[in-house]
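The following pair of complexes shares a single chain, chain A, combined with chain B in the former and chain C in the latter.
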Partner chain A sequence: MLNYLIRRVFTSILVLFGVSILVFSVIHLVPGDVTMAILGRQKVTEERVAELREQLGLNDPLYVQYGRYLGNALRGDLGVSIRNSLPVSKSIADQMPSTFALAMSALILALSIGSALGLLAALRHGTWLDTLVMGLSVSGLSLPTFWMGLLLILLFSVKLKLFPSISNGSTFADLFLPALTLGLPEAAVVARMMRASMLDVLNKEYIIVARAKGLPARLVVLKHALRNALIPVVTFVGLQMAYLLGGATIVETMFARQGIGRLAVQSIYSRDYPMVQGVVLVTAAIYVIINTFTDITYVFLNPKIRLK
Partner chain B sequence: MKTTLFRGLSVIMLIGLLLAACGGGAPTAVEEPAAAAEAPAEATEAPVAVEPAILTIGIPIEPETLDPGDGVYVQEQFLAMNLFDSLLSIAPDGSLHPALASAWEPNEAFSEFTFTLREDVTFHDGTAFTAEAIKASFDHIMSEAVLESGGKSLLQDHQYVETVVVDDYTAVVKFAASYPLFLRDAARQWLSISSPAALEKYGADYGRNPVGTGPFKFVQWDAQSQIVVERNPDYNWGPEFATHEGPALVDQVVFRILPEAATRLTAFETGEILIASEPPSLDAIAMADSGAAEIQTFAQPGIPAILMINATKAPTDDINVRKAMILAVNQDELAQTAFQSLGLPAYSVISPSTWGYDEKSASLYSYNPEEAARLLEEAGWVDTNSDGIREKNGETLSVDWPDNPAWSESFNELLIGYLTDAGFDVQYRSMDDGAAYEELLAGNYTLVYMYWTRPDPTPLRYLFHSENTNGGGAWTNFVNEELDAALADGDTNTDENARKQDYATAQSIIMENALVLPMFTVNTSYLTAPSIEGFTFDLEGYPWLYDISVAR
Partner chain C sequence: MTAAPSTSRFSPNSPGVRLLKRILRNRSAQFGGFLLLALIFFSYAAPLFTDKDPNKTAPSVALKAPSLEFPMGTDGIGRDNFARFLYGGRLSLRIGLIGITIGALIGITLGLVSGYFGGWFDSLISWFTDVLMAFPDILLALAIIAILGPGITNAMLAIGIAFVPSFMRLTRSSVLALREMTYVEAARALGSSDARILVKHILPNSMRTLLVLITLGIGSSILAGAALNFLGLGAEPPTPEWGAMLNAGMKFVRQAWWLTVFPGLGIFLAVLSINLIGDAVSDAVAGTTIVPTEK
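Presenting the complex of A and B:
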């Protein structure tokens, strides 16, 4: 157990280390001089360029620059935005809760809509309902998020005037459309998995036994089948958090929501390198941390893996 | 199987924990500042408010700062003009009027300006406005705290020396050089006046806590979301050319930051915003046609959208080739393409709404492909191998355009089409701004895209005076003593008529030598809901929110 734990944490640190090198390199991979990229077509003087180079610490050897970058990052100092001179870590911390609220709501929506539809399709296997649900799920999977979002806005905001088309808060009304847009492709996958898993379980011997015992169909489905059919679905959805955080970029931009996805987009547009570096580093760190903790918790709960 | 369930559940639990740990947890809700309700309605003749009149405006770009002295971009100027006042104000017709200064007196050399200030003005933080504020604001702009800004380049380029506080309500602003345009520049947002107490109190954070004397007070700024300002109930020093007196007509203005044009349009359609800035032209026209909105457009003064032509690099070192380029392009069609029916063609190096615009220089060229062909043939450029591209001594008629397509995507293909039809081989090289700038510095270009919004023709000096060749902005590399003299004198001569004459000379030299290919006037446009009343533009094309009201 301890061995595994050490190994797992060590590899995670290694991954984070690699990410930090990549992120650090970004500023040196920009074609031409990064100061020019930052200053753009402003009226630049030699002094201004020199000043900025000094400010970015570009005059030191690479390893010194990297060491300084890593040291600061470990202390939570991700530098200062070139665009608005605010600390990068503060900007990210300000935007993070909004992205999490969006991703979580999308996850909940995906799970509830997807499981309900999948369950329905499995129970009505082979009927028109089954075909309809599967058809819908193919559309849900195939329609790009930005198109789906526009359709939802057109219907719910422009025509029905039920929900705002731009939203920032975390109330139900504010979150509904963005979460639906982000969650629908997930829901489509969930529906398909739920259906397959349910069909699989329904043919298991213990279900036949339960039925043979004369249990009511509702009880068989809800108590015996559903619980087991949910396992692969929940696993899948849980691990989709990363996808949802990434997909938030488009949805946040579309609904003009606060969030780290939009922060990344805006920073890229305005060539705010410290901010881009910070967002990438923090997002990567979140992925790595979530995955590491999941693996560790998993091992803790499952003695079989411990033995391997 | 059960273990996979645990695995999934543990992920969800972890995320929940992370969420909870995220300090505060819930994202900032759209709060309506409580103070808005307090804004007294009895101060104006406006009908007694049942609910606060809130004006929502969708803006495409989030400002970087609300410190007017530190701002560089359009959105900062737009926000600043509502929170701050300047020493003087300019009416839409270009005339100067009192603002924070009730009277002013330049010395003979136009290098020292004595301002007599209003005595009844208070800042939003309650402190009194005195001459000390002028000194503090200008000194702040010149300090290390401001690296580069619109205000800094105005003061620095004219060698600002100091502001002398004579008494509480008299200040003298001194420059080492003659600065005849200072009174006009003193009316611009870049040089508006901040509260000295707030500058001191907030220091580096002043850009997020602005305190001025303007018709609206700053309330809150939610990054990437919105900036909220509320009516200043004490405001009683609006400009005399405004349509009303006293406080602004709306209780609150919410600037929603909506970078996507489609998002702005939808939010406008659903009524979530009442004014949308820079809507997509086609949709805006359709909405206006249906009566659901009005389009307000403003042709910006200053340098219109032009291509500066490198006059020292072959083949455009030949004046006939440059002239042929201008004649080969149909500006009318180009403007239509870039802005649909909202577009205005440009025929000169400054746009018609600019002070000092010279009509004669604008009438030198009009679309004439036959004449373009004749000029090119006269210069020896003939299509010998009938591939559509002209050649001379084995060289093709090739022009090089390094550019960031973000600036030119709405028109560059059409423009290249015209030039190709005339027999040019246009090498359009797409790159980001930094790389394009390096190409310019290295001299690897024939064409440079440029526009510059300003109510007067002073940018001509940056773009055409020979002191600015070699990377300073004069990308045509054209050197002409008469042009240099006119541009230098135009910047410093204290006689307004002489300055006008200088700029007319400059425009005519630039156009006669075919140094630029004029394309279209850059427009600013806004979509306004039918409930918006009193929408007007200021001299630079910013909506004048002070006079706007929202019908209930």
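Presenting the complex of A and C:
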């Protein structure tokens, strides 16, 4: 176990190291002179160019630049935005709670809608209800997030006038539509998994025993089957953080919501490279850490993998 | 006429033809295939269905609701939404196809080479794929766009590169199993070069598993292309493209529902048709797979 733990953490550190190299390279891979890309075609003096090169530290050899970048990043310093001269880490820290609230609400929605539908389909296996849920789930997987978001706006905010189409807060009304947009495709996946896992569990011997003992059906389903059926679903959902963080770019742009996804898109428009680098680095790091953590928990819970 | 030997890949009983027959017999593949062909036909034969120019503006008829003259209404500057829908499909479908082709070509080549030869090159490529996989897919595409700058070609490249890791991993794992097969050993004993073994023996046998990823990948690739366009990082205005049209229509969501409903419907139907075909391909392949999966 300890051996596995060390190996797994070591791999993740290697990956994070690669991520930092890749993110660092962004500014050097820009075709042509990066200062020209940033300053655009506006008339600039030689001094402005020199100043920017100095600010970005482009005058030093590459390995010195990378060493400095890594050292600073490890201390939480991700550089300074070219556009508003604020520290990148501060901007990200400011936007993070909003994205976090969105991702968490989407996760809760996906889990509750998805597992309820999946449970229903499994308990009514082979009936029209089962077919309906599975049909909804396939369509849910083919729906572009951004289109579904617009349809939800059309329905809930234009027609029914229930929720705002532009929302920046973290109240229920503000979060509902964005979270639903982000969470519904996820709910489709959860419903499929829940159905499969529940069908699997319902055929296990301990369920047959529980039924044979004469326990009421509701108790068998809720207390014996559901608990065990939820395990693979919950593990899977943990891994979906990547999807949620990626999807946040679209959902935040659509609802004009604050957050690191929208920050990334806007920084690309304005060619604010330090900001783009910062957001990408932080998101990837969060993703790698969550993945490592999920893997370790999984091995901890499942001795079969440990022995391999 | 030269008589083809019975072992030819195109003989009616070859594995490829049998696989194709299995797929064509599948209901959902038939429906998906029909839908996809219809979308391709409508977009490429657009001049047959409308005589309007998708880029001609006419402010006097801006934001008109669907009618006989404008079957899908008009947009904010009076362009015919139906013409833009038809022509826009060309670009959306093409981005998907080219994106996945780039990803498959690079990913399969890397996977073949690193799986077959192993060693430090394999370790390096595997590590690099792990690193690429650390970025949520759309974020990876965004980072590449940040480097190359917005535009259609760059969007296709970004999508392609974002797909490289999945192709590389799948190819590599099937090569690892196949290179131990007796027929590969036999080919080597007969003096075949490594390149010949890879292209003639290992690649065709990995194709079955790869086919599923390729088909489903076209759908994801269309979706990713539309997403980048929706974020305004792809097609330059006034080029019609479904994702970009949705972005422009979003401003008028209160006045003109037709500007958001139709372009999105196009994307949805395209992705749905490919997912249906993909499911059928994966069913057909599952019944006949000869490649053992990696432990």
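Assume the second predicted complex is superposed on the first by the 286 of 308 C-alpha atoms of A that agree within 3 Å, B and C clash if a C-alpha of one lies under 4 Å from a C-alpha of the other, contacts with A are read in each partner's own complex, and residues count from 1 in each chain.
We adopt the following convention: a contact is a pair of C-beta atoms (placed from the backbone, for glycine too) under 8 Å apart; a residue touches a chain by one contact, two chains touch by 3 or more.
Computed from a prediction, not measured in an experiment: that's the story for all the values here.
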item: Three-chain arrangement built on chain A, chain B and chain C clash or fit; value: clash
item: Which superposed partner A:G18 touches (first chain B, second chain C, both, neither); value: second
item: First (chain B), second (chain C), both or neither touched by A:L150; value: both
item: Touched partner set for A:M254, first chain B, second chain C, both or neither; value: both
item: Chain B versus chain C as contact partner of A:L230, first or second or both or neither; value: first
item: Which of chain B and chain C A:P178 touches, first, second, both or neither; value: neither
item: Touching partner for A:G118 - first (chain B), second (chain C), both, neither; value: neither
item: Which partner, chain B or chain C, touches more chain A residues; value: B
item: Contacts of A:S165 with chain B and chain C, given as first, second, both or neither; value: both
item: Doubly contacted chain A residues - partners chain C and chain B; value: 30-31, 37, 150, 153, 158, 165, 253-254
item: Footprint of chain A on chain B - complex, ascending; value: 1-12, 14-16, 18-19, 22-30, 62, 64-65, 72, 147-148, 153, 204, 207-208, 222-226, 256-260, 262-263, 266-267, 269-270, 272-273, 431-438, 462, 472-473
item: List of chain A residues in touch with chain B within their complex; value: 30-34, 36-43, 48, 51, 83-86, 91, 93-98, 100-101, 103-104, 107, 150, 153, 157-158, 161, 164-166, 168-171, 174, 228, 230-232, 234-239, 241, 253-259, 262-263, 266, 271, 286, 290, 293-294, 297-298, 301-302, 304-305
item: Residue ranges of chain C in contact with chain A within the complex; value: 127-128, 130-132, 134-139, 142-143, 145-150, 219, 223, 226-227, 230-233, 243, 246, 249-250, 253-254, 257, 260-261, 263-265, 267-268, 271-272, 275
item: Residue ranges of chain A in contact with chain C within the complex; value: 11, 14-16, 18-19, 21-23, 26, 29-31, 37, 138-139, 141-147, 150-151, 153-154, 158, 165, 242-243, 245-247, 249-250, 253-254, 264-265, 267-269, 273, 276, 280, 283-284, 287-288
